[in-house]
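There are structures below to look over.
Note that chain A is present in both complexes that follow, paired respectively with chain B and with chain C.
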Partner chain A sequence: MTLTTKLFSAAAGIALSAGAALAEPAIIYDLGGKFDKSFNESAFNGASRWAEETGESFAEVELQSEAQREQALRRFAEQGLNPIVTTGFSFASVLEQVAPDYPDTTFMIVDSVVDQPNVRSVVFDEHTGSYLVGVMAAMASESHTVGFVGGMDIPLIRKFACGYAQGVKATDPEAEVLANMVGTTPAAWADPVRGSELAQAQISQGADVIFAAAGASGIGVLQTVADEGVMGIGVDSNQNYLHPDNMLTSMVKRVDNSVYDAFSAGESLEPGVVTMGISDEGVGAAIDEYNEGRVTDEMRTALDEARAGIEDGSIEVHDYASDETCDAISF
Partner chain B sequence: MQKMPQWADVLLIPLVSLILAAFFSAVVILAIGENPWEALKIMVEGALGSTYGWGYTLYYATNFIFTGLAVAVANHAKMFNIGGEGQAVMGGLGVALVCLYIPFPHWTLALLAAAATAAVFGAAWAAIPALLQAKRGSHIVITTIMFNFIAASLLNYFLIGPLKADGMEPATARFPEAARLPTFQDMFSSPDNPLFRGAPANVAFFVAILACIAVWLLIWRSRLGYEIRSFGWSEPAARYAGISPVRIIMLTMLISGGLAGMMAINNVMGEAERLVLNSAEGAGFIGIAVALMGRSHPLGVFLAAVLFGFLYQGGAELSLWTGIPRDMVVVIQALVILFTGALDNMVRMPLERVFSTLRRAPKPDSKSTTARTAE
Partner chain C sequence: MDLATILQVLDTTVRLATPLLFACLAGLFSERAGIVDIGLEGKMLAAAFLSAAIAAVTGSVWIGLSAGIVGALSMSAIHGLASITFRGNQLISGVAINFLAQGLTVVIAQSWFNQGGRTPALAGGARFHSITLPGAEALREVPVLGPIYYELISGHSILVYVALLCVPLSWWVLQRTRFGLRLRAVGENPAAVDTAGVSVERLRYAAVMICGVLTGFAGAYLATGLQAGFVRDMTAGRGYIALAALIFAKWRPWAALWATLLFGFLQALSLRPDVLEGVLRIDVSSQLLDALPYILTVVILAGFVGRAIPPRAGGEPYVKER
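The block that comes next holds the complex of A and B.
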């Protein structure tokens, strides 16, 4: 969409007063970029699915610097775009300040909670989803050693690791969980070489199933897993297709659904906190034509039991983010 | 005798380089099917067409002034400080500690304390590579760049551990209201005449200008500056003249690191008002290009920093309002760096040839006068 049409629609929006039918939704991707094969790309997929189905358009921007968070939010809000979706917890603090200035606009944030009357906060139960793939990993492992490769060492990734380790330990108390992080800077999300190195190290220590929760670095992890003939677990998007012979499953996190829902709701998007978990398939273990041969009947039964247990509360998966401790694994 | 007059060196070469960079950017934009003229208009209007745009341009420029000066000071001693990034990160840590734990009565005191701490933290981070260079001859390029990674890890440790605020995000809590620096909006805007609305440019910009003046005084008007320059031109000669290399290396790098660290009063204290993981955002590296383009002179650094501020803010407007992806914006920025920094001689040598033929043409007596004025 060109600037002139943008300006025209904005001018028209102002002329027709707030809430005009012209308002289109907007999405702001985090610094990782919209083609990160993972989190942001999932959001982009949800947005484009909405655009294809409705034939409407949406505004989008990929950030380049921290200062642009506030800038993009304000500029989009001033243009009358509504709702405005932001992907990633890094927007929380900025949104906290910007949202009250635009009471007629509904904002949405993924992966964090912002307590404002016009913000919808979507959070995912990554710990329970990771628990499920942990159960599968423990059952698939013959060496009783499984691996976890995280991207950047931040609380969110520890939440994945903690849930995973609990699932493994609950299924096979003897199993050992090896955990490594790719790095401590944002570059850790895009370092497949280092990811591959860590996977190699874990395999040499006996790991035969490795869960990669590392953005684009995970591509390197899964490649090594395939090269060495062991099994891998993907993350966020369904990555089973990457290596059809070596993927056990993927821990999917349906960011795309949350964006799709928000865009479909349009200006009537409900504010408040929305938790997407196992029951609404916000998170889960992906089973498709690429991995169904590897998922045994026992695994399916165990998965169903774990799912049911988590839903009725008989299995309690500890959430690392709640108190920043984890008994199942040490970092 | 110089090969060409000074005005050509300072103005003409960067200008020609810029035009070349703009030309190639236009070709690239054309190649992806967008209109380069439209893109240029959006960049100029977005970055310079309103006080709002200027507010962002000058905010970015402030970062680049500090890191550019840091690289420039080190350059005068022929040392290549590419650790500006790490030093700025450490400066941010210092600012965060001061702002979070000391209750200031007024922002002026907070600014003074934060600037001093940021400088001390940045200088301390440069001190170790400097000492290794001075005493052990470990190359400063290698050590400073390694220290960038150590700084990033250290920051990460603090932000997921001791300094982390509640929530998922690895960041500190917001600084208290008293440590809030006045933005341009607070300073220049009135209800009848709203200016700089929402833009992050703040009082740190004036600190950056003061830093430019201070660096000029230091390098060209002080004994230490003279020693730094002589050391840079020839270490054996400086040593023969009784200048201690250890002392010069240490002092230069401390000043350099301190300047890089002081960037934090702009991005951490002035803009974010809290410390986040990605706080320095590569400004330390942009500083290298800024210093190169500014010929290590404070005025040049200032102008080059504003240019890069323009590229950042103009680039943001491009990705907000056109289909030009942000990677293309990075390509445009890279082309400018390439032509103004790395490919300097490509423009310089033909221009020098033009000037020497021009100079040969006039009569002998007029030639000597032009040569004299040129010097």
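The block that comes next holds the complex of A and C.
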């Protein structure tokens, strides 16, 4: 046995023993970063809640570039970490290739569906959550004009817009919904200046409630909303605290719950497609100490009715992603 | 379409054109002295971050602005060192500055504020607020001219007026002063300037530093004037649009004003699809409007509408004869 092979086998031995000891869960954050005040941060909160309650630890990494996606996945899988959670639809194509190579590891992807026997796909009913905030927006609006500012023009964001418009129209058929997208490239997630100007344009067209589903561009939208003294609606995480005087609500997506559940299940995490919606509080309209003064009793009643209607099927919210059409709004 | 809508679109135009104008004039000084600067984007980003970060910490937007200018100046110093003193490739140095700023701003922001590469939201004295020009309130009721003065000319942040003042100032410096003559000469024929006994290096460093100050204003305006804080990559390609505007303006200050206003106007229009549809009666896609600045620049570069002749010694390091 040469020295090199000795070294290699020793290294392999260490790697194996480390793998056996480390059956802990792992999470990979998407390019937005784990403190994006929104999607990834929600995932991080779920993971840390699990760590606090169980006293155990988890592995995590923040991607810095597109090229690291596959690398990070493979490294975690080879370390024997299980389950491995990825946040964001951008992981779908990579996971499709990586998952078959590690049949003993369970992966989870949020916001997209990957059809592999060892992948759990968690998707959210964003359209119904958006419907709820649409109902609130229509009731809060005095000008009968509400706005929507989306980030990048992709089907997922149109799904938000379509659900929102349906909620508005169902509550106030006369209301007008203005919808704009920040852009068509990934830069649209991080252009708060353009977000601000879009909000300004919608306000000058009469909008007095604006729903921002635009990542970091949404920070610009909500800033303008606060500066102009109208009302804003946040997205993904509860963003009500950003501008306590001007937030109507936030359309929360409980990514944290999905991560918490996955970590709690540990290695016995079930693969398959999981849809989180209104009934399991996967999506909803956030009401907390910052906005409760602005949420009237009528709004609460209307919200409860809408929630019940969606659950028992008497209200049908059209999902833009199902057939890429939307009657309530034109893009 | 009524006057109010037109004024709103023009108002947006002015706001969106201001960072472009600062950056375009910055590039103008640099390129007129023969230093191609593709790093405008990175310098703006560095300035945007530092101005917002320091304004958030000190609570004073003026200290923030100074910090932003210092940040852009240090980026300029790197560019100058690489491309003037060490005669490196100016394009590569510029690209490196863009990458450096992109990464560094987020890393530092994360370690300082722990908010995912953002700075805390600015409020009160940590932001540039819009100022109302004297007489705007009184003249508001005057038909046509009143609203124009009140909505369009008054009510911007002070940096907008600084940007507009920079245009005649740049023209005067470049065309009417000895420094300006030498600066232009160094971009056309540095050997002649050297023969006259004037230091080429010093002139080029001066130009690069002026570029730093102006991009500092541009970045600070984005983060503390238009917005209330820094967000990663918030320049969103404005440095490149400014470069396109510079070519469109054929490296002249007054033309730079019109070019950036035109590009700002196109951006403003793409935000208001309803206005366009109302006027033209056809549906113009906003993507087309976003692409128009680049298309126009290519048309100009191809020589269809007059020719754009860059400074002759642009992009070449000056090697003194031995």
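Everything that follows uses one rule, which is that the second predicted complex is superposed on the first by the 309 of 331 C-alpha atoms of A that agree within 3 Å, B and C clash if a C-alpha of one lies under 4 Å from a C-alpha of the other, contacts with A are read in each partner's own complex, and residues count from 1 in each chain.
What we mean here is this: a contact is a pair of C-beta atoms (placed from the backbone, for glycine too) under 8 Å apart; a residue touches a chain by one contact, two chains touch by 3 or more.
What you see is a predicted model, and the numbers here were worked out from it, not measured in a lab.
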item: Side-by-side fit of chain B and chain C on chain A, or clash; value: clash
item: Chain B versus chain C as contact partner of A:77, first or second or both or neither; value: neither
item: Touched partner set for A:23, first chain B, second chain C, both or neither; value: neither
item: Which superposed partner A:223 touches (first chain B, second chain C, both, neither); value: second
item: Contacts of A:194 with chain B and chain C, given as first, second, both or neither; value: second
item: Chain A residues touched by each partner, larger count belonging to chain B or chain C; value: B
item: Partner chain in contact with A:33 - chain B first, chain C second, else both or neither; value: both
item: Partner chain(s) touched by A:287 [first = chain B, second = chain C, both, neither]; value: neither
item: First, second, both or neither for A:112, with chain B first and chain C second; value: first
item: Partner chain(s) touched by A:184 [first = chain B, second = chain C, both, neither]; value: both
item: Chain C collision site on chain B, chosen from 9-17, 45-53, 99-107 or 135-143, when both complexes are overlaid on chain A; value: 135-143
item: Touching both chain B and chain C, residues of chain A; value: 33, 184
item: List of chain C residues in touch with chain A within their complex; value: 4-5, 8, 12, 15-16, 19, 106, 110, 114-118, 121, 222, 226-229, 231-234, 236-237, 267-268, 271-274, 287, 290
item: Interfacial residue positions of chain A with respect to chain C in the complex; value: 32-37, 41, 180, 183-184, 187, 190-194, 196-198, 200-201, 204-205, 216, 219-220, 223, 242
item: Parts of chain B lying in touch with chain A, wherever the complex brings them together; value: 38, 42, 56, 59-60, 149, 152-153, 156-157, 160, 164, 167-171, 174, 198, 200, 267, 271-272, 274, 276-279, 281, 312, 315-316, 319-323, 325-327, 329-330
item: Chain A residues within the chain B interface of the complex; value: 1-3, 6, 31, 33, 61-68, 70-72, 74-76, 89-90, 92-93, 111-113, 152-156, 184-186, 321
